[in-house]
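Each structure below is given as structure tokens.
Across the two complexes that follow, chain A remains constant while its partner is chain B and subsequently chain C.
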Partner chain A sequence: MKRTLFRNQLLPWLLLAPQLAITFIFFLWPAAQAVRQSFLRQDAFGINTTFVGLSNFEALWNSPEYLNSLQVTAVFAVLVTVLSMGFALLLAVAVDRMIRSTSVYTTLLVWPYAVAPAVAGILWWFIFNPTIGVMPYFLDAVGYDWNHISSKTDAMTLVVIASAWKQISYNFLFFVAGLQSVPASLREAAAIDGAGPVRRFFDITVPLLSPTTFFLLVVNIVYAMFDTFGVIDATTEGGPAQATNILVYKVYFDGFVGQNMGSSAAQSVILMLIVIALTVVQFRYVEKKVAY
Partner chain B sequence: MASIILDKVGKVYAGGTRAVGDVSIDIADGEFVVLVGPSGCGKSTLLRMVAGLESISEGTVRIGDRVVNDIEPADRDIAMVFQNYALYPHMSVRQNLAYGLKNRRTPKAEIDKRVAQAAEILQIGPYLDRKPRALSGGQRQRVAMGRAIVREPAAFLFDEPLSNLDAKLRVTMRLEIKELQRRLRTTSIYVTHDQLEAMTLADRLVVLNAGRIEQIGTPLEVYRKPASTFVASFIGSPAMNLISRRAVPHLPGTDHAGTIGIRPEDLTVAPDGPLEMEVLAVEELGAQRLVHGQTGGERLTVTMPSGEALPEYLRLAYRPGSLHLFDGKGLRIA
Partner chain C sequence: MIENRPGLNLLAHLTLMLGVAVVALPVWVAFVASTHTATDFMSGTIPLWPGPHLIENYSQMLGAGVSTSGTPPVGTMMWNSLVMALLIACGKIAISITSAFAIVYFRFPLRQLAFWCIFITMMLPVEVRIVPTFQVVADLGLLNSYAGLSIPLIASATATFLFRQVFLTIPDELTEAARIDGAGPMKFFRDILLPLSRTNIAALFVILFIYGWNQYLWPLLITTSSDYYTIVAGIKRMADAVDGLPQWHLVMATAMLAMLPPVAVVIGMQRLFVKGLVETEK
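Our next item is the complex of A and B:
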């Protein structure tokens, strides 16, 4: 690494200042505020604030709504991760065979990633709109009455598809890169060793892909838990009957719509802890070998 | 154990590149055949066609009494040792060795027995439970060999298996491969671009040039009677001197457009010799030295015992009967 020596002690700090300021103003300060607020309670008019200790957290623990949201988030995150990674892997395997001949396909598959979550949400909202959407029309033809406004399952399906769709391209890129880094000679050696295509895939490719898979697993869980706010807001707004009210959306809804700052702050503190935990797991395992 | 017969085999890649054309070789059961040639001449392509990793565009390949053109690599009863070893990095050495047997549903006891045997032969017993990345280059090489021998296949295919080793280890492993093959008597095809490796290992050499066979023969046959100027310059180190006929009109021979070949070791200093060489550079090798120079505008190399400083000009004689004569197309006349 190149080392630069500054004679002036102040200059490096000046150069760092903008980045430090941004980090402080937009990340550290709000985070600290959230932690502070999570221990406070405001009265209905927002005039008096009192210190209430852990009772905001206690209230969450005893709130069926919050526990439901926790469960919804878990189901949602698992479904989005499995769907987006599974589908991306399928595409990547298909592309891996022909990658040397064309890169157009690869480029096309990256497009969804350039679309903002809210736009993606609206897009899927239109496609699945019970009155004007194209999907309900087709589903009706096979005898399924699609309605994500009243059906919990339909609503969950919609937000899962809309969220997973966007992540597929990202996962795809990593999987393609991962597959490309598995030496062809290993698969050839396995072929000579009597392993058919399926066996080769599971015995050779999957293990060698495991660092990529693990990395994507964490990234996708984080995405599903935190980055899907736009999708939910544009499609179901957490409904029907809380069926798609994931934790991040609930933080926003309770805080900004319900004006319950203490509870909202406590919820964001919990989310923060989850992110920290995931990050620790990430670093722990990515540093170590995952499978070999 | 099986013979391998290539009949007019050719390969044209999808892009239209012709990599191999009209190659016919009969390899006897238990024979060690080395495919040798410069980089890009189609050696790997040919070997991979035998292995079944590359489709065969033209001709037929037989292993034993079967035509294998349309048979999967797994069912051809061959084992291959790759240049980069292609060991499975996530499996232990033991698992690497056992993988091919496991896929063929060999009973557990039999697998254990064969792995132990192979480990014994190749002295890799102490590393059986290590992952490949915890092995040195030479040990990996042995494991790659082990993976081939546990299967007890009809034929071994080697694609430059020693090229990732340092010079000294290469010499040791070369000898080990030779001894192993002598002992197992398994038909082998070995690809290399190193002519010394080819000479020392082969029962028979196949010299390839631009996808075609230049010559097939035992190492000594090829060395003593190279079929073309290409083979002459490729086999033997230092390379044979190839002098255009016109530069030395007083030497015997007929064709005026042709080339005369003289091996450096067939030239000696002689005051009344027919060749005069201007000395340009000397390489000392210890017991011997290589003297490079020119005669009539053609480069010339001579091996001679080391000794005192050389004059600027040397007169040289060639050993009687050691001249190789090639016609205008580079093909051997005598």
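Our next item is the complex of A and C:
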């Protein structure tokens, strides 16, 4: 809280005006529209709209496709989070041992953050291309017939790898920062007491790293749920047979391609509730971090 | 390091080298592919080392593009991406720093409400309100324009909070001294706050430039005229179009060009990048 303030009454509104205008026109108004449309149903020509209460939500609840999309999103988010955080933690622990070469390795590991999800999708899609890709060539040698165009498992594997790859650098940077804040004296004391590196890792580093881990869990779930649209669109487009049709992709597809406004709006509302819940979790955690 | 264990050090180095290799693999493959010709992929064996067609492929993409794909030359798309990224980064910083100034240094009615309105944008990513936002932009006639590409994305709760934190750490004595010397609020903002938040602005700019450059869904929806295609959104259209007639070398050259500017920013300004990344998550 500032003790010294300026007295003007009009000036703060002028300063806030651009931000508030954009917030109202492009955030609050569309969000309100989504909520409104989620209670309406349009006829095929978009002329008549009728108020249908919660029936758009009911339809989603009874739609096997939507329930499948929920399940796919959950599996996808968990796999991306675990794979990306696991790999990043391994690299961060290795870098934490280094003294001179830390910055070299960090530079070599952080740049994928800058690659767009859609471009990451294109890169991995090329590597896994069934006819000319590098990976199917090697997989064929060990007797696995890779085809993400027809196999659901292969398609999911592809989008998980592409999405996790892009997120490694982010997790890595935060894990390195977290590891550096673990007091060396604790590890030294444990070493004097005869605890080996593995024991020290699990009994000292892991518990003290838990705030970072929890924070990254939330961030990675948000990333996997909302920022991976580009990966999906550039590779599988939700297929085969809805196997990679995550919630954000379904909102887009039902709204723009399927032109089913009521259903798409209802899906938007559900997604907003998910984001709000995740944001609340994140902010509660931030408060805890201060007390930690 | 607690004790000297050469074995563990070796293991750590091996892990890191493997990690660097895995992380670099897709880009290496794309780079190699972008230096060959279309016929090199037909033989069934995948080239693993760069070929001699680097300059030829890249200059073709930058200058002429692929006529069959309906996308403009990559040079045009990169220009559009650059304009969009700069407008988003500068726009977000400009409106957020003035908002934070208003919220921290003034007391006015409904201040709390204004703060919450900005906060709520954090909970409404473009992906979840995509259809109605598109309708608003279409109604305003902003399709196929730089304004349409950037303005709907430049509200930023994160940036506002960041500047709020920065301003809260600036000592009150500076404000008092400025007022005694007769400086008004805007003079104080320009001559004291802006210079003091210079590194925060730079760090935030790095993050926001990457954010802007990498936008995908939004440009994909609102650009129907190829004059406004951005490279990240255009590359998908290109890949779709060449699916029947595989011109992988050209698609991969485009992918390399699409990631070059943001990757160069991250590597060239690594210190600012890390600072920005950590600060925006506070």
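Following the convention adopted for this analysis, the second predicted complex is superposed on the first by the 277 of 292 C-alpha atoms of A that agree within 3 Å, B and C clash if a C-alpha of one lies under 4 Å from a C-alpha of the other, contacts with A are read in each partner's own complex, and residues count from 1 in each chain.
Note that in this section contacts are C-beta pairs under 8 Å (C-beta built on N, C-alpha and C of every residue); 3 or more make two chains touch, one makes a residue touch a chain.
What you see is a predicted model, and the numbers here were worked out from it, not measured in a lab.
After superposition onto chain A, the partners chain B and chain C occupy separate space and fit alongside each other.
When the two complexes are overlaid on their common chain A, residue A:204 makes contact with chain B while staying clear of chain C.
Of the two partner chains, chain C is the only one touched by A:120; chain B is not.
Between chain B and chain C, C touches the greater number of residues of chain A.
Of the two partner chains placed around the shared chain by superposition, chain B and chain C are both touched by A:191. With both structures placed on the common chain, the touch criterion links A:170 to chain C but leaves chain B unconnected. In the overlay built on the shared chain, the residue A:94 is in contact with chain C alone; chain B does not reach it. In the overlay built on the shared chain, the residue A:219 is in contact with chain C alone; chain B does not reach it.
Once both structures are fitted on chain A, no C-alpha atom of chain B lies closer than 5 Å to one of chain C.
When both complexes are aligned on chain A by C-alpha atoms, chain A residues 188, 191 touch chain B in the first and chain C in the second.
Residues 51-53, 72-74, 78-80, 82-84, 86, 88-90, 99-100, 103-104, 131, 133, 147, 151 of chain B are the ones that touch chain A when the two sit in their complex. Residues of chain C touching chain A in their complex: 1-3, 5, 8-9, 11-13, 15-16, 19-20, 22-27, 29-30, 33, 41, 44, 46, 94-96, 98-99, 101-108, 111, 114, 117-118, 120-125, 127-137, 140, 151-152, 154-156, 160, 168, 172, 175-176, 179, 184-186, 188, 210, 213-217, 220-221, 232-233, 235-236, 239, 246, 248, 251-252, 255, 258-259, 262-263, 265-267, 270, 273-274, 277-278, 281-282. Residues of chain A that touch chain B in their complex: 183, 185-186, 188-196, 199, 203-204, 207-208, 291-292. Residue ranges on chain A touching chain C, taken from their complex, read 2-6, 8-9, 11-13, 15-16, 18-20, 22-31, 33-34, 37, 87, 90-91, 93-95, 97-99, 101, 105-120, 122-127, 132-134, 137, 165, 168-170, 173-174, 177, 184, 187-188, 191, 197, 200, 215, 219, 226, 229-230, 233-234, 248, 251-252, 255-256, 261, 264-265, 268, 271-272, 275-276, 279, 286.
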